[in-house]
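Next come two complexes built around subunit A: one with subunit B, the other with subunit C.
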Partner chain A sequence: MQAALEPFRQAHRAMNGYEVADSLKPIAPRHDPGRLYTFYRASNAHQVESEIRYALKYSKSSGLTRNESSAWTEVLVSYWKAIGEILAIEEATNQGRLCDGQWTAVYDAWKEVTNNLIKHYSNGNLPAWTIVCLYVAGTYLRTFAIKADEQLAKAKGGVTFNSGFQDDVVDSMAKNEKLEDAARQLNRMFSLCIGDRNPIMESRKWGTYYMANLQFKTYFKLKAIGLSKNVVRSINASDLPPLENFPKSHQVTFKYYTGVLAFLQEDYAQAETHLTEAWRLCHKDATKNQELILTYLIPCRLVARHTVPTSALLAHFPHLQQLFSPLVTCIKRGDLSGFDNALIACEDEFVKRRIYLTLERTRDIALRNLLRKVFIAGGYEPLKEGQTDADRIRRTRIPVAEFAAAFRIGMSGEGTGQVLEDDEVECMIANMIYKGLLKGYISRERSMVVLNKKGAFPGTGV
Partner chain B sequence: MSIPTTIGWAHHSMPPHALAYNVVPARQSLARPMPPAAEQPVPAPKARKVQWSQPVRDYVQRAFAAENALEGIGQEEMQTKLKQVISYFAERDMLDTIDWERHPLPQHLIAEERQAAAMASTMNGYGWTNNAVPIHLSFPTGTTNTASSPPSSKKRKSMDDQLTEPAEEAIPPWRKANRNAFEDRITYSHGPNDKRHKKNDFNAGNGSSKFSQADLEKRKARFRTEMPGNQTTPPWASPRNDSDSENPTGPVIGTNQELLKNYLRLTAPPKPETVRPQHVLEKTLELLKKKWRYESNYNYICDQFKSLRQDLTVQHIKNAFTVSVYEIHARIALEKGDLGEYNQCQTQLRALYSQKLGGHPAEFLAYRILYYVYTCNQTDMNDLLAELTPADKSQQAVKHALDVRSALALGNYHRFFRLYLAAPYMGAYLMDMFIERERLAALANISRAYMTVQLRFITDELGFDSDADCFEFLRSHGAQYLVIHAEGEPARVNVKDAKNLFEQLRAAAFKTVDIKGQI
Partner chain C sequence: MSASAQGSSTTTKAVVSDAKNGDEAKEQKPAAQLEEDDEFEDFPMEDWTEEDTQLPGGNTHLWEESWDDDDTSEDFSVQLKEELKKVGKA
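Right, the complex of A and B next:
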């Protein structure tokens, strides 16, 4: 056990929080794939406590206070037990005989580790510089919870029914029992960090954003996105140091999530600010993260500013290119049915990313572009006497029928089954006017659209 | 042993040998002391050699168990009582006939006696404690009733409350003598259960003293044989052993035959007598459907449906019938625009459909889409879209609802109002919830895009039944001044003049969607 705890003790002596946390990870480091196994084999259930206690307390170089030493003992003992469960599951998986509830056992064992950490942080036995351990605990708690839920869901169907004497049959739709539990633990850890009153240099406050991000991640997975607002609210109400002082990784993730939250609340201006910031801070090699940010930033800018992503940008992200470039092409061309098809083609992916409903609204821009084409194709008013080419103005009175014809181009295609009535064309034009994409009015008597002579399509040069 | 209890004993002429000594109390009542029952043999207890059976031993063990100790009742007191209880039954050779597992523990008996005594002393003011009968001993006394006044049936019920099996079916007639009013009052002081008993006590008539001794004996025997098989006797019959005998996970099996029942929120497991089994509930549903058709008293129907749902729940009935109950309730709630109640049904139905129990999943899926359109909840709508399968989308009602959604998302009010007029099933009821809002939105739209239009145009575009309806709508929103009736020409509306008004109305209409029990 002395040898097995050496990495921990070294890291602790060097006061390197990240390394201390590394020694508490439930996965083996790359340079030492047998670490978990060695650690677990170094003791047995009977003696583990006394051995760890001895190793921490009476070794020459530990330098731990009594409280801290017994706190680590407790943590490490529960960690040792959790490792036992993890090795068991590894073995079972390798042999292809995984039992029901095994991941639950891992989750429970890991929760014990987490609880011990929470306990000793909150009563001050563990120093704040080791807060990274809490990150590790939280991260894996979430992972194990998801695994446990998957296994539980496989074992028994999704729905639980009421067994008490409530009014209604179904208890809840919950099938994420463990993850919900994990969310509660994460919330405890979050409060543990944000509520710390120690001087800021030795405060657990530095863990706040990491925990907040973990919570966001969990709430998104649980489809309980609304709960994220509470986290944001308590961060806004707290006296945390400025976000710039936190590690960049915390900043990027936090900005990303607050951006997405604003996006989902259809506050596109806010969303754009946060997401742009996340984009700016994101590490240049973190393509996965950049892609995630762009997944929301692109629809956001499309809807709020009518700006399409450049093909140069999309070229860096093949997946995004596949998703967005057909849409972008159709928007530019004003191809409505092409737009509809592109939207349907990737509907599942869009819905999964929660951007479908936003992208749907960019059809307005495609429509605007189509109408604009009609306007441009309409040519110019004949020159009056004394006017030169420089004075000529575009024809601004356009029959509804011309727009209707444009609508019908490409719509006649088989399968759409859509017959467009003239009233519907008028309705869509009215919509354009209402949304400020088109300046002018409709004259119903003459079946004419009378466009503004100066800038009928604001922001497009005509 | 407390003094009042002793007096009570003496007064009721309980077999003196139940005590270690003979009490000769001063006579305190006018009732004649009762002679010991003739048919009751009085064996000499000391001479008996008793083999304690396992149940009895368990009983003793439980009596001594620390977790069963009651505050304020000492060990000694309890032991005395325990001795009394056991020796009492032992002397009568009844140790084997008692259901020891259910028999109240001595400490509980003491507590009960004390309570009764306290009650009595407050009642009559001078400590007259007649009713402080040692309850466990009131079993087969067989004394004759000399003071023969007809007991009321109410008393029976109160006894049901307090007593456990051995005692409850044999209230000696003399206990009822002369003290009707007195005990009546006590009846209601024994906790919240008495109401239920009042309704359901089917034995109520039996306790009358006009029954002969033989009848009483026969009845006693009958109940005794029934006892072991009487497994469905629910725990609330004996409030004492709530904690260990209650098993809330097991379904109740209802026995109530009444078709109608008012809804009452349960705070404890229900009695089988109050719960209707499925075959009765099926008739209930038919009756309710009929009542709804002819009487249309929504509050009443809703209440009845809630109790129906409750009965299904406590009996763990989850089948096609359950689905149809929820579906019908949901439809009725929709019809009355009670979205709170509709919501509850909808949530339940979602889970029930996931169990593949039949019903009309497509219809209700369509309602759910329309509901989210109404609540403008983009997140929920997105989740719902993520759940949809191609099979769902091919359903006519679902397709309609999705079209409604996309028409509104694209601002295509023309199509939206066409869809409103063609809503399948009860979709139109749900769309009614947001039709006004969308009309205002469309008017805000039109008022910016047009200068002036015919009234008929608005009537057609916004799905009004007639020009009059349309005019009424404008009038109710303070926009009637826009309408111009010129001689020989169709009415026109100067929409342009009201673009700010409509915009304000639209914004206000979209501002709050507040529904009780929103999902």
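Right, the complex of A and C next:
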């Protein structure tokens, strides 16, 4: 046991929080694939506690106080037991004999590790510089909970397949039992961090954003997104150091989730700020995360700023290109039926990502661009005497019939075959005026649209 | 969330016939896969520098205006005139 605990002791002596946490991971490091096995084999259920206690207490230059030493003993003993469960699963999986409830056993054992850590951080036995251990505990608690729920669902699925409706209801309610439990533990860990009153240099407050991010991930998975707002509220009401003082990974993940939350509440200005920040700080090799940020930032910018991603940007992300590039092309062209088809083509994925409704709203921009093209095609008023080219102004009185014709062009193509009455065209133009995308008024007696001479289409240069 | 978890939630709705259950479970599969890569991934490292955030193409030219004036506006006015003519005849 002395030897098996050496990585932990070394890390602790060096006061390296990350390495201490590494020695508490439920997976073996790449340079030492047999670590879990060696550690577990170093003792047995009867002697593990006394052996670990002895190893920590009497090792040379351990530098542990009595309280800290017994706190780590408790943590490491529960860790040893959890490793036992994990090795059992590994073995069972290799032999193809995985039993029902085995992941639940891992979850429960790991929860014990987590609880011990919470207990000893909260009573001050464990120093805040080892707080990364809590990250490891929380991260894997969530992972194991998901695995356990999957296994439970699979086991139940087999039984309830032909049974009555009643059972099914119960089944679906209990579907995320362990993950919901994990969410409660994560909330405890979050409170443990954010509520720490120690001086900031030795405070658990530095773990707050990590825990908040784990909670976001969990709530999104549980489809209980609304609960994330409580986390944001607590953070806003706290006296945490500024976010930019935290590690980038904490910052980016937090900005991403608060951005998505604002997006879902249709606060696009706020969402854009957060997501742009996440984008700016994201590690350049984290392509998947960049892609996720853009998945929300693109619709966000479309609605809030009427700007589209360049083809150069989309070229870096083939999947996003496939999703957004047809929409973007149609928006630019003012191709309404093309837009509708592009939206339908990826409807499932848009809905799944919760961006469908926002994208639907960007049809207005395609429409604006179509109307704008009519305006541009209308050319200029003839020059009066003494005027030069610089003075020329665009024709601002445009018959409704021209817009109606443009609609027919924009709506042509397969699938639609929609013909609009002039009244409907007027109605759509009135809507565009109401939304501020077009400035002017409709003269009904003359069937004319009279556009504002100074900026008929605000923000588009004409 | 695994495909099986998704499948079991659909079977709760469709208890009418086994055949139908089977079909629905199949249809659910791509959606379930979609959900799996839905999650923001853990970064392999905790912190990094400003240099590590730069995109290969730099952070400029990411966005552009939503309209395109170079886009064959000549063609459009021709198209528009023809469309107007059609109505005139009718």
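Definition applied: the second predicted complex is superposed on the first by the 408 of 462 C-alpha atoms of A that agree within 3 Å, B and C clash if a C-alpha of one lies under 4 Å from a C-alpha of the other, contacts with A are read in each partner's own complex, and residues count from 1 in each chain.
Everything that follows uses one rule, which is that contacts are C-beta pairs under 8 Å (C-beta built on N, C-alpha and C of every residue); 3 or more make two chains touch, one makes a residue touch a chain.
This one's a predicted model, so the numbers in the text were calculated from it and none came from an experiment.
Asks: Considering only touches as defined above, state whether A:Val374 meets subunit B (first), subunit C (second), both or neither.
Replies: The answer is second: A:Val374 touches subunit C but not subunit B.
Asks: For A:Lys352, select first, second, both or neither according to whether it touches subunit B, subunit C, the two together, or no partner.
Replies: Touch status of A:Lys352: both partners.
Asks: One more residue to check, A:Val136. First (subunit B), second (subunit C), both or neither?
Replies: neither
Asks: Count the residues of subunit A touched by subunit B and by subunit C, then name the partner with the higher count.
Replies: C
Asks: Could you say whether A:Leu451 touches subunit B, subunit C, both of them, or neither, answering first, second, both or neither?
Replies: neither
Asks: Mind working out whether A:Asn431 is in touch with subunit B, subunit C, both or neither, as first, second, both or neither?
Replies: first
Asks: Could you say whether A:Lys217 touches subunit B, subunit C, both of them, or neither, answering first, second, both or neither?
Replies: Touch status of A:Lys217: second partner only.
Asks: Touching subunit B and also subunit C: which subunit A residues?
Replies: Shared contact residues on subunit A: 157, 161-162, 165, 168-169, 352.
Asks: Any idea which subunit C residues touch subunit A in the complex?
Replies: 1-2, 4-5, 7-9, 11-12, 15, 18, 21, 30-31, 34-35, 37-43, 45-48, 52-57, 59, 61-69, 71, 73, 76-77, 79-80, 83-84, 87
Asks: Quick check: in the complex, which residue numbers of subunit B touch subunit A?
Replies: 248-249, 265-266, 268-270, 306, 309-310, 312-314, 316-318, 322, 344, 347-348, 350-352, 354-355, 378-379, 381-383, 385-386, 406, 409-415, 444-446, 448-451, 453-454, 457, 460-461
Asks: Note which residues of subunit A are touching subunit C in the complex, please.
Replies: Touching subunit C: residues 18, 139, 146, 149-150, 153-154, 156-157, 160-162, 165, 168-169, 171-172, 175, 217, 220-221, 247-250, 252-253, 256-257, 280-286, 288-289, 292, 301-302, 305-310, 312-313, 316, 331-334, 348-349, 352-353, 365, 368-369, 372-374, 376-377, 379, 401-402, 404-406, 408-409, 460 of subunit A.
Asks: Once bound in the complex, which stretches of subunit A touch subunit B?
Replies: Of all residues in subunit A, those touching subunit B are 157-159, 161-170, 173, 223, 225-226, 264, 266, 347, 351-352, 354, 356-357, 360-361, 363-364, 421, 423-424, 426-431, 433-435, 441-444.
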